[in-house]
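Two complexes, one shared chain (chain A), two partners (chain B, chain C).
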Partner chain A sequence: MWLSFFTPDLFASAIRMATPLALAAIGGTICERSGVVNIALEGMMLVGAFFGVVVTLATNNVLLGVGAAIVAGVLLSAIHAFASVTLRMDQVVSGTALNILALGLTGFLMEVIYGHPGATNGIQHIIGPVFNFPTGGTGVLATIWTWIDQIVFSYTPIVYLAIIIAIVAQWAMFHTRWGLRLRALGEHPRAADTVGIRVQAGRYSAVLISGALAGLAGANLTLEQVGVYSDNMTSGRGFIALAANIFGRWTPAGSYLASLLFGFAEALEIRMQSFQSVIHVPVQFFLALPYVLVVIVLAGFMGRAVGPAAVGKPYEKE
Partner chain B sequence: MPILELRDITKIFPGVRANDGVSLRLERGEIVALLGENGAGKSTLMNVVYGLMAPDGGEVFVDGAQVHIKTPRDAIALGIGMVHQHFMLVQTLTVTENIILGHEPSRFGVIDLVSARSKVSDLSTRYGLKVDPDERVADLSVGMQQRVEILKALFQGARILILDEPTAVLTPQEVRELFGVVRSLVAEGLSVVLITHKLDEVMGVADRVVVMRDGRVVGETTPAETDQVGLARMMVGRDVVLSVDKAPSKPGETVLEVRDLAVLDDRRLEALRCISLVVRAGEVVGIAGVDGNGQRELVEAIVGLRKPTSGSISLRGKDITHAAPHATIHAGVSHVPEDRQRRGLVLEFDLAENLVLGDQSDAPYASAGIMHGRVIDETARERIADYDVRTPSIRVLAGNLSGGNQQKLVLAREMGRDPDLLVAAQPTRGLDVGAIEFVHRRILAERDSGKAILLVSMELDEIMSLSDRILVMYEGRVAAELSSEEADAERIGYFMTGGSNKDGAPLQKPATTVAEGGAS
Partner chain C sequence: MSETHEASVVRENLWMKALRTAGVPLLSVVLAMIIGSIIIKASGMDPLLAWGALLKGAFGSPDKWAAGNFREFGDTIGRATPLAFAGLALAFGFRANLFNIGANGQLLLGSITAAWLGLVLAGLPGVLSIPMILIGSALAGAAWAFIPAILKAKVGAHEVITTMMFSWIGLYLTSWIIAAPLKDAAGNSQTPMLAQSVWLPTFDKILPGLFRTPVNAHLGFVIAVVLAVVVWWVLKRTTLGYGVRAVGFNQWAAQNGGISIAKTTVYALCISGALAGLAGASEVLGTNHRMFDEVSAGSGFGFTGIAVALLAKSHPVAVVFSALLFGALSAGAGMMQLTANVSDRIIMIVQALIIFFVGAETVITWFIKRRQKRALEEKGATDVA
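Now for the complex of A and B:
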């Protein structure tokens, strides 16, 4: 039984599930490092998922769909940036408002465009895996190859892109001018101001980047994983991403690895559901698993988490 | 032609004219000292020059040409550098990162850390500002942070250097080094505006002195034309007694007893090694020592901010070794922390709120969990008047007070609580001469009314003029205990730097009666 439980595609599925979490989490990391709390990742992911499908259905071009998802995320984040950086609104309030707006807007447009609530039609071709190597055969070598193929070569483009983004962002945060200034902004914006860094511009760009990444996460969900959009389909992933950012201690690589943990829980949840006949536990238990894991990890294992000192505080001169 | 000239600068805050038509001139290669009482408007004026505050009127000229400085970027581009009264360093970044921030040497956006580090170490050797380029700023002493701030300004290419109370947090040794650096900078053609409350420093380094009061320039002089008493009179507008007279102490029962205390510092190294001391009612015990010899950890352990690893602390016989900070407050301990912004105040709270911190849930300020605004406000007004905190109202946020007035606010709260034991770390940091006189008298009055006072200070003069007994700390131990009669700067200095009374190293003045204190 354990052999058929821990198959290579369980791990592959973990990486797939981790991808939208990781993209949004890295966005959250960048945003919070600049000093702006972003609890609107959920909403940004949702509009990304929705507009990705809408544009793909309308143009039959999935690349345009991905572009639309990113643009939608960026536009929503622009509102967040304006509210929290320019208007110096409370960032949690702004984020909450945007989550509600995203939910309402997608539901409303669903009715307007498709005339019914629930789910859209499926897109014609979801984005397929990048590589397609032949598998099969018997023997040890074939088994090893199957594992490698599944775990390394079975993914769609955004999954690989997310890994690249995690590595590049991690490197950039600690080796580039952009990264140094970003870290200074969230830690002590006034100090950054006194050395001539534009605090507001820096925060704007960080919030917009987080919107783009969350939008891309939405595209991954609909255009690479599911193929349709259904109401509120992100179902809290934006918040799990926020937790992954914290668990990853506000670093891109850490965010990715933490997302991997939560992604694994999701993969496990799905796998266990198919073993329900053997394990005899109510399905709700499995569904709750990733969320329970988040609570356990954040409350129990992580120890003291210290975020950027000035996160959540609007910057005012004088 | 002056390198920097200010004409009629005016800056108005709600309820205060912080600068009221201020004019100032700085020649090339000159050191101008800017003096004035707490709240006179010195920092405000310099913040205007540095582009951090927009003036409501006036003009600024650099090299004879009028300039419009709207942001620090503009100021830096004009060659103006500023070391702020409250440091502007990012604690989580390294020394090098802080220095290059905003002016990073980089190729295609990638920081060239090798060249950054070598530029930093070039500057640091050239001006004798020793720093470890890879250390995190959070782990540095304030003196080190000060150096980082100056290096940062130099790295940005400053020709005009503004130093806002650079010596308030330095040890006497560091002050000497700093002024050595400042002189070598001036020799290289830099011009310096120095804000300070220490009149001996002014007499020592300044070429010219400008004095402000209530937002205006009230006088200008040179060290040759005046002396410290004259400067103090110009600043405060009355004669200031620069030394205090105190009656002999009449110590009573033991209030604080620390026995065999061992404490770890932030890096988990032993900061206190089996230290024992006693403070009795009606006496001031002064702790002298070079910064970083365990004074901070001793204070934090007593007030409940740091857990001792062994030993005990008791207050009037009651054990408070593991008491939380609020419990020590209730037990009768007041604490003036060395860093007013980090530990003393909530900068986003107004003055009345800050003045009841620690007592906010007790009578008469609250009952049954409800705070009594009117009582709080009344007490706040009284204390603000009592301690001469310069502010238009009690609704002002603490962060908007001038540095010295923030310090007075902390003192007003902690001394106003009527404690059994007052633990005061650097109580006069950043205060003007008039305010220092006031605080010193106040501390002695508390002593005479039977309070026990533990005073930690880097100002040897302060320690010597207030203390009845002086403990010199060295490497986490009490190196010597001296009575106020036998203490002089030389002898304290000897023990501060590791001299001991056991190995018979010759003192310049032979020790007569050195109590065995704590070399145990």
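Now for the complex of A and C:
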């Protein structure tokens, strides 16, 4: 039984599930490093997921769909940037408003465009895996190859893209001038301002990047995973991503690894559901598993996590 | 010279204060409705028809009132009731600088407790059973906020994440309880119907002379109003309330003043949870008389409570009025959908815009503070001169 439980697909599924979390979490990391809290990641993922489907259905071009998802995320994040940087609004309040706006707007437009609530129409073809190597056969070598193929070569483009983004962002954040400036914005904006870094412009760009990444995360959900947008389908992933960012200690690579943990919990949840006849535990307990894990991680592993010093505080030029 | 200047500063501040207290929220609502209208219009529907239908659905019409039929008013009050409790929950948290974004989870725990205790205590007279159920639901809500509260106080885990996670855990926990141990005999995803003895009486039962036809408004609304005054009094006049406000205003100053941040945080979040639990109880005892399986944790009264509290600027008594506004929007949404074919999701959009505009008020406050500062500086300069 355990052999059929821990299949290579379980681990591949973990990496697939981790992808939207990781993209949003890296967005959250960049945003918070600049000193802006972004609890609207959830809403940005939602509009990304929704407009990805809408544009794909309208143009029959899934690439345009991915582009639309990113643009939608960026547009929503632009409102957040304007509110929290220019208006110096409470960033949590702005984020909450945008989450509700995203839920309302997607639900509203869904009915206007498709004439029914609950879900959009489905797209014809979801984005397939990048590689398609032959598998099968018997023997040890064939089994090893199946594992390698499943865990390394079975993914859709955005899954690989997320790994590349994590590596590039990690490098950029700690080894480039951009990264140094970004971190200065979140730690000591006054000092950054004094040495001539443009605080507001820097924060704007960080918030917009987080919107683009969250939008891309939404595209991964609908255009690569399920092929249809259903109401509130992110189900708290934006908040799990924020937890992953904290668990990853405000680093892109850490965010990715923490997302892997939560992604594994999701994969486990799905796998356990198919073993329900053997395990005899109600399905709701599996569904709650990822959320429980987040709480345990925040409670135990964390110790006292210290974020950027100036996060959440609007900067006022003297 | 300096005195007249001072007087003008004071006068201006009073005017500004009045504007800030009532003007900005009202302006926010109007602005949100205008943008909502633009969205409706852009989608090819008629905004005036839509809002007209909404008003009718939320308040009824004079000919109905004359006949003692206040069904629509009753719907508005009925919808406003859980929103008032949830709004109080969020407002209490906000006062301590805590954002109980997962109030909906505590609400669900309150609901399931009421649905269970309602079955257990069916044999008792209502005067005994109802208070016991309400206390039980409040405790359940407080318990569901307790772990996030402890985590916030001890390891600094942000309550926005932890209460949100508990909201989802609560959703699945109650969903399981409804599906298994408390399952309705008919096998639907709902708990069994409660005995009439534990129902909160509706207004037509309390005041049959005024309400001559059945209404959905129930005693829960009266409880919410009383509770709003109690919460106001607790915040204003008790040591606990002082601590909550002090921690919310300035943590470090409060700590230096001898107030324990950790303790106050735990109390405040648990009280917030208890109030959210009551929202769930009032919905079960007053409106549904059973609990249904929630479809999504991303919506629900707990989330609308955020908007209710923000619009009321976390003032407990203002929460009641704010809840009535959102109650009216929610009660009228059905008629709007029916008459003008506008999705009830427009209400959610308007709600988001209201939060946004009320939040943007900080801009106004910031300007006022700057002007005050400048005025004081000028005054200081003239005094020195």
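Just so it is clear, the second predicted complex is superposed on the first by the 318 of 318 C-alpha atoms of A that agree within 3 Å, B and C clash if a C-alpha of one lies under 4 Å from a C-alpha of the other, contacts with A are read in each partner's own complex, and residues count from 1 in each chain.
Here is the rule we go by: a contact is a pair of C-beta atoms (placed from the backbone, for glycine too) under 8 Å apart; a residue touches a chain by one contact, two chains touch by 3 or more.
Since the model is a prediction, treat every value here as computed from it, not as a measurement.
Undergrad: Based on the superposed arrangement around chain A, label chain B with chain C as either clash or fit.
TA: When both complexes are placed onto chain A, chain B and chain C end up clashing with one another.
Undergrad: Please work out whether A:Y315 is in contact with chain B alone, chain C alone, both, or neither, and reply first, second, both or neither.
TA: neither
Undergrad: Name the contact category of A:A288: first (chain B only), second (chain C only), both, or neither.
TA: Only chain C; A:A288 stays clear of chain B.
Undergrad: A:V112 contacts which: chain B (first), chain C (second), both, neither?
TA: Second partner only, chain C.
Undergrad: Using the touch definition from the top, say if A:L298 reaches chain B (first), chain C (second), both or neither.
TA: A:L298 sits against chain C, while chain B stays out of touch.
Undergrad: Touching A:R190, do we find chain B (first), chain C (second), both, or neither?
TA: In the superposed model, A:R190 contacts chain B only, not chain C.
Undergrad: Look at A:R177 in the shared chain and tell me whether it touches chain B only, chain C only, both, or neither; answer first, second, both or neither.
TA: first
Undergrad: Looking only at contacts as defined up top, I'd like to know whether chain B or chain C touches more of chain A.
TA: Partner with more touched residues of chain A: C.
Undergrad: For chain A, which residues are in contact with chain B within the complex?
TA: Contact set of chain A toward chain B: 175-178, 180-181, 183-184, 187-188, 190-198, 309, 317-318.
Undergrad: Give every residue of chain B touching chain A within the complex, in rising order.
TA: Against chain A, the touching part of chain B is residues 50, 52-54, 71-73, 76, 82, 84, 88-93, 97, 100-104, 106, 109-111, 113, 152, 156.
Undergrad: Would you mind writing out the residues of chain C in touch with chain A in their complex?
TA: Going by the criterion above, the answer is residues 39, 43-44, 99, 101, 147, 151, 155-158, 160-162, 164-169, 172-173, 175-176, 179-180, 296-299, 303, 306-307, 310, 343, 345-349, 351-353, 355-356, 359-360, 362-363, 366.
Undergrad: So in the complex, the part of chain A that touches chain C is made up of which residues?
TA: 39, 83, 87-90, 92-94, 96-101, 103-105, 107-109, 111-112, 117, 231-232, 235-236, 239-240, 242-243, 246, 282, 284-285, 287-288, 291-292, 294-295, 298-299, 302-305
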